[in-house]
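Order of writing sets the labels: A, B and C. Residues in every chain begin at 1.
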Amino acid sequence: MLLKKLLGKHILLMIGGVALLTAVWIVAYFCVGNDLLLPSFGETVKDFFLLWIDGAFWSALGVTLLRVLSAFVLSFALAVLTAVLSYLYPSFRAFFAPILAVLRSMPVLAVLLIILVWTNDGVAPVIVAFLSLYPILYTQTLTAICGVDNKLLQMSKAYRVPMSVQITKLYIPTVAPALIKACGLALGFGVKLTVSAEVLARSKHSLGVLMQDARGFDLPQLFALVIVACVLGFVIEYAFVCVAERMQRGKK
Amino acid sequence: MKLCITKRYREKCVFDGFALEIPDGEVTCILGASGVGKTTLLHCLAGLTPFEGEIDGKTENVGFVFQEPRLLPFLTVEENLTYVGANEDEIRTALETLEISAYAKRYPDTLSGGEQQRVALARAIVKKPPLLLLDEPFSSLDLPLKLRLLSAFKTLYQSYTPTVVFVTHDIDEALSIGQRIVVLKDGKAVYSARVTPCTYGENTTEKQSVLQAITQ
Amino acid sequence: MKKLACIIAGFTLCSACGFVACTKNTDITVYAPDGAPALALAKLLKDDTKDDGVTYRIVNPQTVTTMVTYKDENKNADLCVLPLTDATQYLGDKDDYKLLGVVTHGNLYIISQDQTQVTDVSAFSGEEIGVLQLQKTPGQVFKSILQKNGVADVTLTNITGGGEVGALSNVKYYVLAEPAVTAQKGKGFHIVGNVQTLYGGENGFPQAVLVAKSSVIEENPAFIKEFVRDVQSSATWLATATGEEIVSAVSSHTENGYQTTLKAQLLQPQTLARCGVYFTQAKDAKTEIEGFLQDVSAIDEHITVIPNDGFYCLTDFNA
């Protein structure tokens, strides 16, 4: 009942999906027949749970999450600022468009190699994540702000509602659900991107470097760490989406 | 209130030196075909659109009832009235006038279309604005509901007799509440007359005159 | 009509399966990783006529160990060159494979843009060092050296190849393997230390080994003896071979589009000499191997298997 409440009425289908993935893994394991190419599902699950009682894992997880959060906060703050400017000043939006296009199309993981030269392995993943998250958050924020109902804005103008009240009572509540959803998606994506960048940059004390280390001798642990990253991204994204959907409905 | 305005939209001139006198404290109904500029006139009065010319009268504090309720969906009825700057007493009075006190804590999406329009009416008069503008507020409602809301409008008008400019394309609606009827055509008032409000749908000589003015 | 179509389809399928079964490769398969271990088989690769019943494959070093760990024995390589620690960890407590001998004895060097030679390990104190494959033999050896000399305050950073040399800020020294070391001279790096010498053994340390299936050894003793002797003479041949010959031999035996990282212009005699390529048979290398495994297991918790005598093929191939 609680699971159904948390995950929605399609819980059985979702469990079915996970079961299918597991079945595919088990079949593939027996077909491949080489533990160094594909570890067993059982060993991986065991390692997954063992990770959570390992202090080094928690330390690495904390550092990685701190990187994700830093990149997110920076990109969110700049995204909101530039989106508001673009909304208020079409000339700014036009001026900013080519810069945004470059950021959007940049192959950030390749750019990581350049960034590593200028900075270090601790900061580079943050910058890479920032460069990826910022265009997404900017676009989502601007779309959300432009999505404020023009009719409500007109009504506000007719009643001479002060701008501060419009911002707090109209703009923010309208924009919040979409923005929160976008934040969830961005954070989920940020986890994946940051871990990938940490693997490439070999950032010390991180999930990425744990994965690099596991690659040598412990494939089940490597798979378990990948599952951790996936679960983390999913949980963060889902939590934000749930909050956003609750906000979208007025209370009865 | 006197106005003399010129309003152009790109190449189209809606009003060119259009002059109109709106008696204070009375209900002036504006009639005319679609696209003649009825809504534009209201928007000029409300300051929602720029225009050339001048309006001599108080237009800083207006109540505006749109065709749709235009309530903020994430605020309760009470909070929607707070949004336009009303205090608790004003809100209580307005809700009582429209007989919707029971809706105070409810959200708009739990109300029917007619109930939401009542709330919009309450919002329009909650601060007792001297100028009340209504832009076809009951056009999307069925007849029984329309009649109920017309009755509610009369109640709220009588509560403090503001200057009302009521735009509609429904002649019966205009004649049931209006004290002055103005028919617009080609940017001009082709008919303007004082009338006595009658029963909705009643066939009067004024109705014939208005019809004639519209169809000519 | 439908019945006939089914019969024809079934017959075709059976024939195809039979054809595949009949044409299944029964050659003896030999796998080796790219790099210095591939040099150990260079002469055999050069002389390979491709119809002598032996198939050679040079593979990505990241994947060579997977060639001996399939559950289906038929998929595993008959002979394989692989890192010693992988060989003992994955094969040392089983009877499927035996160790024939050591093919490379350490090809690790310390390079730096500072030309000051390092003769004392304490010179690394407080430094950050980029180490090739930190989790594997190079890293294990270097950590062992630091531990034996009581140098603790060293930061080790993993690098995966010569391309990352010079890319890490704050790193003064890199531990890299030949022939990649020679390639760094163009970036202004010089050899300032010999890991083999620092480790302490005059013969370096056992880095890559040759293993063979126990069944192949039992059923083909003459072949194994000849193969081992060819590997011994291959090491001697390297001293006179040209870089082009070596690279041609290796690159003609890669598979699945893999391209060798060996560059002909880098395979000069001095470089080849530093690759530590010479064969020591298991009978003579056993003590050295056990000593090395004890050293690395003390500093690497992943090394848990110290093989018993049964893992070593103690035949004297020179008799």
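FYI, a contact is a pair of C-beta atoms (placed from the backbone, for glycine too) under 8 Å apart; a residue touches a chain by one contact, two chains touch by 3 or more.
Here the structure is a predicted model, which is why all the values come from computation and not from measurement.
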Tell me, which chains sit next to both chain A and chain B?
none
Could you find the two chains linked by the most C-beta contact pairs?
A-B
Quick check for the class: compute each chain's Cα centroid; which one is farthest from the centroid of chain A?
B
Give the identifier of the chain nearest to the protein's overall CA centre, each chain being represented by its own CA mean.
A
Between chain A and chain B, what's the gap in Å when you average each chain's C-alpha atoms?
49
Distance between chain B and chain C based on Cα centroids, please, to the nearest Å.
89
Approximate Å spacing (C-alpha centroids) for the pair chain A, chain C
41
Per the touch rule, the chain C residues reaching chain A in their complex are 65-66, 69-72, 75, 89-90, 133, 135-136, 157-158, 167-170, 302
Can you name the residues of chain A that touch chain C in the complex?
33-37, 113, 116-117, 120-121, 202, 204, 212-213, 215-218
Listed in rising order, the residues of chain A that touch chain B in the complex are 151-152, 154-161, 165, 169-170, 173-174, 247, 250-252
Complex interface listing, chain B residues touching chain A
46-48, 60-64, 66, 68, 70, 72-76, 79, 83-85, 107-110, 123, 133
